[in-house]
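What follows is a short report on a single structure.
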Amino acid sequence: MSNKKIPVAVLAATGAVGQRFIQLLEGHPWFDVIALTGSPRTIGKKYGEANSWILPTDIPESMRDLEVLPSTPEAAQTPLVFSALPSDEAKIIEPLFAKAGVAVCTNAGAFRQDPHTPILLPEVNPGHTALIHAQREKQGWEGFIVTNPNCTSTGMTIALKALQNAFGVKRVFATSMQAISGAGYPGVSSLDILGNIVPYIGGEEEKVAWEPRKMLGKVENNELELAEIGFSIHTNRVPVIDGHTVVLTVELNAPPADFGLVAAALAEYQAPEVSRSLPSAPQPVIRVRDEANRPQPRLDIMEGKGMTTSVGRVRPDGIFNLRLVTVSHNTIRGAAGGSIYNAELLVEQGFIKR
Amino acid sequence: MSNKKIPVAVLAATGAVGQRFIQLLEGHPWFDVIALTGSPRTIGKKYGEANSWILPTDIPESMRDLEVLPSTPEAAQTPLVFSALPSDEAKIIEPLFAKAGVAVCTNAGAFRQDPHTPILLPEVNPGHTALIHAQREKQGWEGFIVTNPNCTSTGMTIALKALQNAFGVKRVFATSMQAISGAGYPGVSSLDILGNIVPYIGGEEEKVAWEPRKMLGKVENNELELAEIGFSIHTNRVPVIDGHTVVLTVELNAPPADFGLVAAALAEYQAPEVSRSLPSAPQPVIRVRDEANRPQPRLDIMEGKGMTTSVGRVRPDGIFNLRLVTVSHNTIRGAAGGSIYNAELLVEQGFIKR
Amino acid sequence: MSNKKIPVAVLAATGAVGQRFIQLLEGHPWFDVIALTGSPRTIGKKYGEANSWILPTDIPESMRDLEVLPSTPEAAQTPLVFSALPSDEAKIIEPLFAKAGVAVCTNAGAFRQDPHTPILLPEVNPGHTALIHAQREKQGWEGFIVTNPNCTSTGMTIALKALQNAFGVKRVFATSMQAISGAGYPGVSSLDILGNIVPYIGGEEEKVAWEPRKMLGKVENNELELAEIGFSIHTNRVPVIDGHTVVLTVELNAPPADFGLVAAALAEYQAPEVSRSLPSAPQPVIRVRDEANRPQPRLDIMEGKGMTTSVGRVRPDGIFNLRLVTVSHNTIRGAAGGSIYNAELLVEQGFIKR
Amino acid sequence: MSNKKIPVAVLAATGAVGQRFIQLLEGHPWFDVIALTGSPRTIGKKYGEANSWILPTDIPESMRDLEVLPSTPEAAQTPLVFSALPSDEAKIIEPLFAKAGVAVCTNAGAFRQDPHTPILLPEVNPGHTALIHAQREKQGWEGFIVTNPNCTSTGMTIALKALQNAFGVKRVFATSMQAISGAGYPGVSSLDILGNIVPYIGGEEEKVAWEPRKMLGKVENNELELAEIGFSIHTNRVPVIDGHTVVLTVELNAPPADFGLVAAALAEYQAPEVSRSLPSAPQPVIRVRDEANRPQPRLDIMEGKGMTTSVGRVRPDGIFNLRLVTVSHNTIRGAAGGSIYNAELLVEQGFIKR
């Protein structure tokens, strides 16, 4: 019933990730978008006129006439917000919401380094929401902030979690080939990327080398300990619309005698009980492909409605123990869909009241 | 003077690499193309009618009316041939030429694993041509076969040579993003690669993990010893026309205290005296770029007329010692241009008589 | 109920259009794929192993293990077949099915020029199926052949039908920009089309200048009279995966005084009663877009599950009366989906028995 | 001799067209770039640091350290300027230069509609520079402004001129497929154009329908009469880096009995005597290609150093008389190279003093 749903707002709803939130929340069984916010340029306009819609489905009819509001708790008036704010704005605006008692599920990177803000992947580290208690205490907030990881960290961390559980992970070399939608809209100039590779994304390698350590780390007594894993990261922009491909070489703590167990550990990985059956839970968490030339972004990003991490080319390595390839939808699993899955977990865990 | 030039033939002149040979040999100061060979389907036709020319310059006027010949030493009648044959044909045909006293400079991979066939990069290992003596003796040939490396091995080996000379190289993680022209014509289907990444190229990773060890190895007493370097390789096809990008993480034997010396060692690397001033010698061998987002295939492949290896993003690494990016023109430096440079070296060394 | 469905076969099921048939027929309410045929190379293999699946959804589970059969009526054993055969094979094979009493709904062009074979778009000319009577009589067949138009003719003919009904159409200039999937797999070489335009598609302009005249013509007394419309056609291949864009300049017989009526006539066009509510009927037939920069293939091909024709930029012209742009999904509306819609019409009209 | 060269400035030298000016003027036999101007953000910086260079050749060494100046005649201090200013700025700034006695060769569209400002293609209408007399008189300027046409008008007008001379041109349908570099840098977002077609370019169709009429018109008594040619234009953006493709259907006044004369008239077209041998004159003016699938932007844009118009697929039409395809380099022949060729003509004609 619509009147039982939790009313939510989307902050910065006009951008590339904001549009994904709007698209994915259409018809969501638990959440009902009742408010949208945007930049000063768009405030007061109807949503359908305020943005340059770039997704290959129409703007949901129910959103078209919503008025774009300023990004303040007073304007939004909802107990839960999804934030697609740019990091510099998120840094200032999101705490205002948390202070006002709002649960903030954000895609922004502003607070990922904060020791009491979880970077959350429900199929990986649902227990990290325990940090929320410390966050509230330290900040004096009634609400809280929970982030999802950088879109490139997402898929590889899910694959690494399956390996960590089974064999332990020691060191990782990873090279990403990232889709243009990861840079937002207008984002990457076509003159830079058409028929080209740009072997640099500002600030990205630092994030991708650190965020998995936090997500794969332990939370005890409301304190987080980073996982002891070494990372060497190369990030690249490639002419792909959606879908980040990451190739990984991994050193395990306890490599199995039978290499076939590696693919099995990936394929059989299950989300923890608490997050396994949520509306946005990926089915399966990891799809292991046998074909020599898969996964590929064009063919595999919509696996599990865009929430599944596709893995392939699982094979031995000459220096470390194994090599593999992951493909993950960067604006669904790696951004808006991830934040929504986070919010579902927080509802399930009682951090957000129905 | 044209009548002093060495007459040469191009084997398999109608394919993608064959066309590059024809293009690059136009007006060459030492070599004069007097014969072309092709597949049975094209034999007897004029070259201008036998192929689907895919380069953005016209077929050289002097080549247009040459008759396509069968790939036999009797038909070609030249002391030197450039081979763009596919590997399975090269395996059978190239020895016939060598036996007939012809110098074969080939782009094919058929004999790269042979212990007495050098994989040659004149700016890296000109002394490996000493293996030709053993090759002739063993095979009883008057001619010989010299190969250039796989197009992906090329750029990274040149960069690694500079590092090897200065600091020693111990282990290397490398991920390639390879242009479609590397697969020939028609090669990669547009449905496979437009807006996509294919994380697999058949047989490529094995080549790229082995060939640099041979080129960076030592030749003593006509025997080659592979370099003791460990390689972990990922190869990918990307939607780029020309230019292979490789990202590398490198462990050095003796890393410098001052990291700035790494870029200096790359930038200052010079080809050995014997190969430094040949007509196709890259000027410079390595161009080190300072810009954060370079090298890029679209902007950098024609550096040094397509013969220079562009290097950038030289930076420290969290696991090994350094990370860097190389871009190299795969059908010029990595194929036809490389074979021509090899032939120039062989002339200079007296293996081919003027 | 599954046991009430009509059993069907897909001929040449392993190619690009054949795969679309398999994908679109999965779960079809009226048709049940029980047989698949393929080339000699694939006969006897399981479907899941016989083809290189290129669609971004998995092979339907129920199809994976079906054995690929030869393309004969004896092997297929169904009262209805969908044909994705290449034209030269269709010319020989499809009549064998028709002779054996089978209804053939084909995407091949082999019989489009035949005066008694309808080129059928259910939302345009459902009455043309009357030609089947003459076809059977002339050929002595119990079955019959019905074709859908060339993928480029499809979208523009639907738009022209709406204009023809409202104002009459006299002359048309059209330029197509056609997706690579229209050429099948492997089809267009990536070296030909990446970052490029190829202003030529063999035989295409002739088809696109003629097929709409047949579909927009009249059938009386089982004879078809071509519509008196002049066409000037340019066809181009562009680097787009799916979706043919056609820009048109149209001369009307009776242009409306109020230009706004043109867009209205397009937007309000309805399929004839008989084809309006069939399972694959586009909803709506034509979507008229107001945005200045629409329709675009990336954003609009999936409108109406890929069956709707998107139209935009409806504006006056300096020479004729109006200019407009159409976008249509070439392998759904313009190929497999079109054939399935045709079959539904033929069931509805009683040509195929349930 | 360098000290005999005419000193010139490039206005807005940091943008996409500005960079082409700098690239093409490097080593020009008549002109010597001594000054560069840029936006307020870049003034005072060195040129090498003020711009994001997007061309696949290095910034000329001599330009790297030039200081970026404001766009004023006082700062530039040259008798001739090449302007890459955006139209809105050109409207204000270019007259200041003309008033100060400077010859302005501009790529901006601000004054193209002015009856006394020629839109100049030296191989088409060199006599239109006679309008300069009227311009100076009317404006009271010592200097003057001469424009080159829109990049899309350029190639098609050159082809139409050849047809006009031989047979007369009555009406033209044209559809463009325009490269992204035509929109400058950053220009088109990659999310809009990768794997896509955008059937709209703001203001473009109006320009392309009008500018050829001016260039193909007559100047008598310093007054210009537009050519009586009807145009119907569709413009589209396509994922191509450089090179505008235009397909045309043309009605002739006096079509030849022998259709072969059409291609001959195009191939044999020569620039008028005065502009035939200038340094940037295209050799040939028009290259007519016989291959069924040419011209293509990837293969043909550099014909005649980027100054030649490539024409192909010259064939009869069902409504008008002929169809053809043109490809022209939009930032060389259609922008910077065109302006430089214009300046050469003005020197030759004495409007600019050596």
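The first chain written gets the first letter, and so on, giving A, B, C and D; residue counts start at 1 in each chain.
Following the convention adopted for this analysis, a contact is a pair of C-beta atoms (placed from the backbone, for glycine too) under 8 Å apart; a residue touches a chain by one contact, two chains touch by 3 or more.
Every value quoted in this text rests on a predicted model; they were computed, and no experiment measured them.
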What is the set of chains touching both subunit A and subunit D? B, C
As a test of understanding: of all chains, whose mean C-alpha position lies farthest from that of subunit D? A
Whole-Å gap separating subunit B and subunit C, where each centre is the average of the chain's CA atoms: 48
Averaging over Cα atoms per chain, report the distance between subunit A and subunit B in Å. 42
So the centre of each chain is just the mean of its C-alpha atoms; given that, what is the distance between subunit B and subunit D in Å? 40
Among the residues of subunit A, which are close enough to touch at least two other chains? 54, 194-195, 239, 241, 298-299
Complex interface listing, subunit D residues touching subunit C: 171, 173, 175, 177, 195-200, 202, 209, 230-232, 234, 236, 238-241, 245, 247, 249, 292-299, 312-313, 317-320, 323, 325
Under the stated contact criterion, what part of subunit A meets subunit D in this complex? 16, 54, 180-181, 185-195, 239, 241
Quick one: in the complex, what on subunit B touches subunit D? 54-57, 194-195, 241, 298-302
